[in-house]
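Please find the structures below.
Next come two complexes, and both contain chain A; in the first it sits with chain B, in the second with chain C.
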Partner chain A sequence: MTATITRRDSNVASLRRPNRVRLSWLLALVVLLALLMVASLAIGSRTVSIGDMLLGLGGSLDTLGQAAVNKRVPRTLLAAIVGAALGLAGAVMQAVTRNPLADPSILGVNMGASLAVVTGIAWFGLSTATGYIWAAVAGAAVAAVFVYTVGSLGRGGATPLKLALAGAATSAALASFVTAVSLPRGDISATIVSWQIGGVGGASFDSIRPMLPFFVAGCAISLLAARSLNSLALGDDVAASLGERVAVVRVVAALGAVLLCGAATAIAGPIGFVGLVVPHLCRLLVGVDQRWLLPFSALAGAVLLVAADVIGRVVARPGEIDVGIITALIGAPVFIAIVRRQRVRAL
Partner chain B sequence: MSAPAATGSTLDRVLGARVRRAKGRRRVMLILVALIAVVVVVSLMVGQTFYSFTDVVRVILGQDVPGASFTVGRLRLPRVVLATAAGLSFGMAGVAFQTMLRNPLASPDIIGISAGASAAAAFAIVILGLSGTAVSLVAIVAGLAIALLVYLLAFKGGGGGSRLILIGIGIAAMLDSVTAYVISRAGQWDLQETLRWLSGSLNGASWQQLAPTLLALVVLAPVLLGQSRNLASLQLGDDTASALGVRVERSRLTVLVAAVGLIAFATAAAGPIAFVAFLSGPIAARIVGPRGSLLVPSALVGAALVLVADLCGQYAFGTRYPVGVVTGVLGAPYLVYLIVRTNRAGGSL
Partner chain C sequence: MTHNHTLVVDTLSLAYGDRTVIDALDLAVPSGRISAIVGPNACGKSTLLRTMSRLLAPRTGHVLLDGASVHRMPAKELARTMGLLPQSPTAPEGITVADLVGRGRQPHQGIFSRWTRADDVAVADALDATQTAELADRAVDELSGGQRQRVWIAMALAQQTDVLLLDEPTTFLDVSHQIEVLDLLTDLNRSKGTTIVMVLHDLNLAARYADHLVALAGGRVYAEGEPAAVLTEDVVRVVFGIESRVITDPTSEKPLMLPMGRHHTRDAGAATRHEEPT
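Then we have the complex of A and B:
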């Protein structure tokens, strides 16, 4: 830890950005998100003109283009919400575990949510979207606690390697369980792949609406925990001497993250690497202050997922590639770069 | 370690212990072979229709038995042979990797090599429209490329085994999503075919599809066995190994190519059967003891694992599960247990 602190002191200027810089990045991200959302409405197997888009947004369904826009609005919104949820959840998890490799998919949390939903559908007759989300949140919480416990046993506590391994093992096991649970059920087994690779296609307002309370609650909890997470970054002892109740902060912040990725997975399936990539990029932009980092991660997560969805629709025309595949292809190289650069130490 | 009493008696004791260990090792391997034989025969006998032991033996001997000749000879026998061959290949190649990289977690299915072979095989079949040996060749090229990539990314500029494993996990995640994409392009495929490339399955095994796997096993297994002494030296570290007279680079390359070859050919026929390569070595080490080459015991454990898992998957539950789902479900708790145990012991994780 001392080594980390001296490293921070030495380039503290680059980690503590002036607010002017932060605000201009914020503006840039908002503009980028707006542009991408417009692109997401316009681009697809049919490209839509501006006029049609405006009419379509107004609710008109007169032409094919307007109808397409009408279909793409919920999809774009879902991509933005899920991206924000995963980006924020990833940033919180990295702060809570003080681990640069923490991510809802690497830690097996998304697969836990997936399995819970599939089990609920197959065995307990779960059929409402709200039911899916509760099941997913419960599954995510169980998986998170399990992986963290397994990963932190033994010498050195929860090192990045042990956590990542425990997460990868758990993920693989849970994926097998997802197959095992859904295979005997002909009615849901055709969607096995969709419970292992996430996507935002086929979204509707009805499927998004139940997710919103969970999303808002998760965001609120996470953002309120930001200041305490800042103290946590100094190490448990220092944080405790600063008056933080370390265990409480961890549990509350983790609860926020679990709510976010549970809800996201219940609606869109397990989408990987967003929570890993986004906080690292944001740290370059705004530094390590969680009060800035967390909202930025949410915003950048939305940017990334909307962009990935647009890319998925462009590169495989007239078909499309699920957004979960695109994020894995973008995210895995970043993961590798982090592993290579950081020499695998705790944050 | 108590102090040696007298030189002569110590020597006797050491030699005696060695002989006992060798005997114990041989006995364990014989038990494994017997277990494999029993499971093979049972797998051939049971199914939709039950055939007696004598019927099965007569079919294997090439006699014409009405009904059994088709069911056992054409349907069950290729499946059982593929299970055995894939199990042997995964078990032997897995422990070769684990020994060479000196880390029980550095098995081909964790560091992305199986995932690469599987993605390439699915790609070759769906997108390129290949079949038979060509698929195996694409799979082996991809497996070697992934192995090289992981190795270069992990070791360029220094770094340790833990970095290699993390990089492998990242690459495996990427390749799995490639596989999923390729499968999604092939809409006409049924679920079983999808699951073959995601988790491994023996369904639809045929003699034509089997031939490359068997050939690879016959050629590559002896190559690996020939390296078993060098592998043991490599385990002591590169410097020690070269001091012991091992040509480090050459023997590492030989082991790598042979092991990746085994993995790739088996994967091209049966898919990446989850966790078999990873589990066989540690299980073999527990039952025969850590001394001596683990190549053969681990291969036998691998074959037994796949055979038993397939038998369970087919008949133990109401639904017929592909073998990879069974090994995934059964193997993962063991993996977690291994991680916990290694962590507790303060191992090299």
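Then we have the complex of A and C:
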């Protein structure tokens, strides 16, 4: 009897999750993000001294260096916010679809957002950032529903492969629609091209501000859904028997993801692979508990995109390579690695 | 100790498209006992269980838990009283046993509530009851089939429901693990009074472990009651369409069904010999 009791007590203690490990990873990521953000302020076509950086951060514009820092502050913030949004959106989409290949760009969600924005610019005179965001969110939602529906048709429901194929086909179709809409409109093509290439280079506080409510709402919805997504990970039947309303959880969590990647795409243009790569890396670090995985994915997404932005400025000095190209270079090999793995369906 | 609950299926019908799977079925589940549902493939036994746990919505009729329709009850409230372990559930890759079992606490937690001492104790109890405590830190996907099924049952136990439904809990297990799982469920029933309803493929195991045996045929209850009254040669003939002999199992004194095919029976051999002289 005593044996049982002591064993149980040690069990209870050992059941505490290895939170210390996770907390140290969290700390490491925060420090890394801080360092990268400092680098992002310092590095560019003009390298800035620490003194100038501090003055520039204080709002001083006396030297060129200080002015450059001043320009780089919103850009750095935007990279962090967009990266966090895409990383979190990717993690939520993987959880909602129980599909390791789910990602805003692979599922065609980013292209849906793009088409909506481009169509808005071309046909409806869309010109405000808030207008871009609403259009992008609507386009992202329609694309998400469409791809998921197509991917669920036939035997076996929404398997990873079918979803990826449906997403790729939809992305390709939407991309050609984007071209079809923008090509005959020479008058607006400059606007469209600059938005599409977008990236984070042209950021200003005025362009970031309209995105913030969407970002905050998307984060809140996604993180509040984490516990329910944990149940969903055990399959629809088990989730339902644990008292989850499975369809509601799916719709709400997907809404969070759509808000996040819609807003990110509206401001920074389509950026691929962040949402795919980041959750997989984070799963290696913190495991499958969504309550840790989701915030980690947001943080790591911010790290990745700020890093990609810095790299893009370093490798092509004095020019710049768009973050979307850098993330694709990093993301494509990871995508292939995931596809090649045998147990790709077991999420 | 658990509370008594009445679980009643009232003229339930369910169809997939045009095909009626359950046809005006009535069933009263005895509280605090083990019930086993048996029947041939496609007789609607899994469908019945899934409808009882509201994974499926009936076309007509009700499933009443303590007099209230389970399909209208708040989902979490139902999940605190009645749990379901579906057939061959899948766990996410890399999840640990402790994490999986801990997720059984979901219906007891709100969006903002923290993991409590009560949750810890419930999980530890569930691990102890299923003898999976030593596996707590292992990844579920590296366990054997029998261990994995015990872990899933531990998750259902952590949910601490008074009623537990299981859809073929012994599928894909070898005979020793089948017995292990059914013994475990019997322990649970005897020690806590948990009402257990399970769909089983194996008639003899069902007859041995169930207090109440339910034989389904064509979407209706053909026979129900004590195993000795239900598992008869006549019932096997009608429900499964085969001849059989039913004897009394010398170890459990429950009925034991011996199926007869066209081969390997003493009568069939005699018949063949009879025909040879012509």
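Criterion: the second predicted complex is superposed on the first by the 317 of 347 C-alpha atoms of A that agree within 3 Å, B and C clash if a C-alpha of one lies under 4 Å from a C-alpha of the other, contacts with A are read in each partner's own complex, and residues count from 1 in each chain.
Just so it is clear, contacts are C-beta pairs under 8 Å (C-beta built on N, C-alpha and C of every residue); 3 or more make two chains touch, one makes a residue touch a chain.
All values derive from a computational prediction rather than experimental measurement.
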So, does A:A233 touch the first partner chain B, the second partner chain C, both, or neither? second
Which of the two partners, first being chain B and second being chain C, lies in contact with A:F177: first, second, both, or neither? first
Considering only touches as defined above, state whether A:A220 meets chain B (first), chain C (second), both or neither. neither
Contacts of A:V150 with chain B and chain C, given as first, second, both or neither: first
Determine, under the contact definition given at the top, whether A:D322 touches first (chain B), second (chain C), both, or neither. first
If you stack the two complexes on chain A, which partner ends up touching A:S241: first (chain B), second (chain C), both, or neither? second
Using the superposition described at the top, list the residues of chain A that contact chain B and also contact chain C. 343
Given the complex, residues on chain B that touch chain A span 105, 110, 153, 157, 159, 162-163, 165-167, 169-174, 176-178, 180-181, 183-185, 191, 194-195, 198-199, 274-275, 317-319, 321, 324-325, 328-329, 331-333, 335-336, 339-340, 342-347, 349
How about chain C: which of its residues touch chain A in the complex? 50, 53-55, 75-80, 82-86, 89-96, 98-100, 102-104, 106-107, 109, 111, 120-121, 123-125, 127-128, 133, 136-137, 141, 155, 159
Where on chain A is chain C touching in the complex? 4, 7-8, 11-12, 14-15, 17, 98, 224, 227, 230-231, 233-235, 237-238, 240-245, 283, 287-289, 343, 346-347
The answer for chain A against chain B in the complex is residues 101, 105-106, 150-151, 153-155, 159-162, 164-166, 168-170, 172-173, 175-177, 179-180, 183-184, 189-190, 192-193, 196-197, 272-273, 319, 321-322, 324-325, 328-329, 331-333, 335-336, 339-340, 343-344
